[in-house]
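For reference, chains read A, B and C in written order, and residue numbers begin at 1 within each chain.
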């Protein structure tokens, strides 16, 4: 009974896999789990259907007049991205770590020869890739609908929009994962994420509008305050990329365009990058300190 | 192979592990023995780097805090219950962990056949029975043939049949120069797998005894289960303690370890204190270990 | 010429100008005409072409062979100059280049480039100081002022390409300027990177089939009556067409697109009178039409018919002073604000429907049960956010955000905060009025292909990620190799 031969070759010491390899392994696992999950299919469908609806509506008006206005189509798409993408990324991020903790998976994975940072980054990359897939499928379908309906638009703007939406998604995913590391339960994390989403989408803008009128904010102050909200950064950036001028946004937009010109790309870019890096770094710090149980 | 030195760990004010030092040489097999909350699982989690602790733990010369990845590479870990993507295929799960352990081209089939899961490769984890899940966890733990095997109450969530099968499997796969550290409160597990037993009580290491000696002690121990109404239960426990017993709370009453020749003494002590005993039962040690809660907190650790 | 003779000439011209000025004032009491003295430039040295002109008789045609001529011309007799091949007149970066001081001069097919940059002296490529000139098919490059007609009535400016200097807008000159040049025809010219194309005190001018882009004002009328403007394309200027203090203007079938900037308008109207604006395509401007104090009198309502206003930030913006405009059969398509009033003014004095004809509104929410092409309910413009933006322009910053829609939803749902309708159209059209012409653009095909390519590319990226996710990492059934890239092994 004691002499059943082990089919495994005894290897006692070798180097553990490098960080990149572990991140790739976990990312692949996470991506695979994400794209077959219900939320992914639901969000992709919702995003595609809303985008197609906007494209079709603008095509139905444009088609009969023979003039094109991607300005309006992209404005509609921007609106949908603003509504759907943060919700998608925040909840996906919020569910990730917290639900793993809840089902005991986090401690099981942490007991393997991986570091916590690798797990976090792997999950981030995997979820990010799944969000990218969702965005590409949705916007790609919209582009084809526009072609089919004969709406001639600037092809660059849809690619820009996809890229910027992805940047926004990464920022929101980062924030979602921070929420996830802080929350004890997945339900609490997702609830918090939805609250944050509501704040970013509606509450902060409405508050700022009220504040701007009540406190008679100067336009540069209004601009600065609005740029705290990553959604506004995304919105202005996509308008800037499509139109090269923010004068459509009134005095504050005009001020931004005239004061900063092409440097706006840099400004918007670094603001969104901040939203990607800082919450993720904070999440890593929290995860490394907290017990995974 | 494993060096645990002055390890302490507390959850808030509760001391979970209190200054424990243990050394396991290569090929050693040590059981952590104690009731729920004695600190067995906590100590194992410290070893895996899952919890922050005081003191120092080394596995195969690697400090688990500073070189956690290297230390954990030496460890095959089987938890009480595997927590993983439920929708994942069995073979796929094995491949995933093989990659994490740096194994190239791991063949899941081979690893699974070792634990008798051949034919279940394409099943999803959620479709497995409890025993099969534990065997999968064991297959994963054995990937890359680690020098240390850490088992945390691996049979706790199994029924009697599953427990027997799994124990048989463990016995078959033990030895081979592998160092084993496991937490258990079942005598048959301890008897068949351990060379030494470390007894933990309320986070403290009480003593380390050879297996044979431990089994002999066990044979002579009995546990009295006394049903006592809740208003006087704590008073009863205090009274028994002053008389040198070590009572523990359990459901509607107390569990009192007794030596065979003094089984009736607790009744007299309680009668003197005018505390009524509603019912009593002599139970096995395993049963007692599985159903007690420690005196100080009345609540188990998370 | 001797300096004394020059001075004499200047004085003579000044007297003439003042006399004419007085005449103008008696003729047009509504406008006051400032003094303006066309001054001929300093004497020039005769070059090759100069000598040819000097040798020519009245009515001769001078054919100028191909080549680069670094000379400043003064054409002082009625001759026709025609470039044979690529004849280039290079001003060498100073002064004017061609000055026409005799009537009935024609200048054809030259490339004229490199004027001076002196704004005070108004360095121009072609300056005409006499009637009935014909400036045709010339290419003007790198010029401060392009073609400057001063008191040159009955002239023809046709088929020229005028490219301004790459200067700050404040330092540019006008690509085309008419000063008291009645009945002039301006046709088929292209102007870019200039300041304005401007018409001063000129009656009966026709402007058609021209294009102006990247200028300040594509076309600017000052005190010029009876002007017909049709089939022009004014795009990406600050203002497409600005009609100021002018009357009896017809603006028909022009394309005004992408005119933006702090005061960017497709069409601007300031105290213009008796105008008819028909069948224009006005799209993608900051404001499609800007109306300030027009119509100036009540002789005739301001007429806007069959125009298409699409994708502008604001379709039509009224200053509170604007009254007496009638807008019918226009298409208002997806302008962010369809109609706005600056400040808190009302639109009562302007009409958005007449008899059975209203306008097409892309935001009309009613329906047409009896299928007569007219909506069964009137169209009321009353979105709360529009209202807020009219009062607090800075809050336009929140356009396109979900908060905007939230506000509009609240405005619709809660009667208490519902703003009063800015205007009503009782007979809104159900379908857009057909546009009289299609927007010219040769790159539609290529764009469509590129868009299809981008869409396909995005789909491909998405599918690739899905494929990556679904694909297994290892080929099944490969031989086991639990050995790791390691050497040290101990048991």
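FYI, contacts are C-beta pairs under 8 Å (C-beta built on N, C-alpha and C of every residue); 3 or more make two chains touch, one makes a residue touch a chain.
Just so we're clear, the structure is a prediction, and the values are computed from it rather than from any experiment.
Chemist: Which chain lies at the heart of the structure, taking centres as C-alpha averages?
Modeler: Here the chain at the core of the arrangement is A.
Chemist: Going by the contact definition above, tell me which chain pair has the most C-beta pairs touching.
Modeler: A-C
Chemist: Whole-Å distance, chain A centre to chain B centre, using C-alpha means?
Modeler: 43
Chemist: Roughly how far is chain B from chain C, centre to centre by C-alpha average, rounded to an integer in Å?
Modeler: For chain B versus chain C, the centre distance works out to 84 Å.
Chemist: Rounded to the nearest whole Å, what is the centre-to-centre distance of chain A and chain C, using the mean of the C-alpha atoms as each centre?
Modeler: The mean C-alpha positions of chain A and chain C differ by 41 Å.
Chemist: Any chance you could list the residues of chain C touching two or more other chains?
Modeler: Those would be 473, 482-485, 490-491.
Chemist: In chain B, which residues are in touch with two or more of the other chains?
Modeler: In chain B, 99, 102, 110, 143-145, 147, 177 touch at least two other chains.
Chemist: I need the residues of chain A touching at least two other chains; which ones are they?
Modeler: 8-15, 36
Chemist: For the complex, which residues does chain A have touching chain B?
Modeler: It comes out as residues 1-2, 4, 6-17, 21-22, 25-26, 29, 33, 36, 103-105, 107-115, 289, 291-293.
Chemist: Looking at the complex, which residues from chain A come into contact with chain C?
Modeler: It comes out as residues 8-15, 28, 31-32, 34-36, 58, 61-62, 64-67, 69, 71-72, 75, 78-79, 82-83, 129-130, 132-137, 139-144, 146-147, 150, 152-156, 158-159, 162, 201-202, 205-206, 208-209, 212-213, 217, 219, 222-223, 226, 231-232, 235, 239, 245, 247-254.
Chemist: Within their complex, state which residues of chain C touch chain A.
Modeler: Chain C residues touching chain A: 260-262, 264, 281, 283-284, 286, 308, 310-311, 313, 331, 333-334, 336, 362, 388-389, 392-403, 405-407, 431-432, 435, 438-439, 441, 444, 447-448, 450-463, 465-466, 468-470, 473, 482-486, 488-491.
Chemist: Could you list, by residue number, the parts of chain B that touch chain A in their complex?
Modeler: Per the touch definition, chain B meets chain A at residues 45, 48-52, 60, 68-70, 72-75, 77, 79, 81-88, 96-97, 99-102, 110-111, 113-114, 142-147, 171-173, 175-177, 302.
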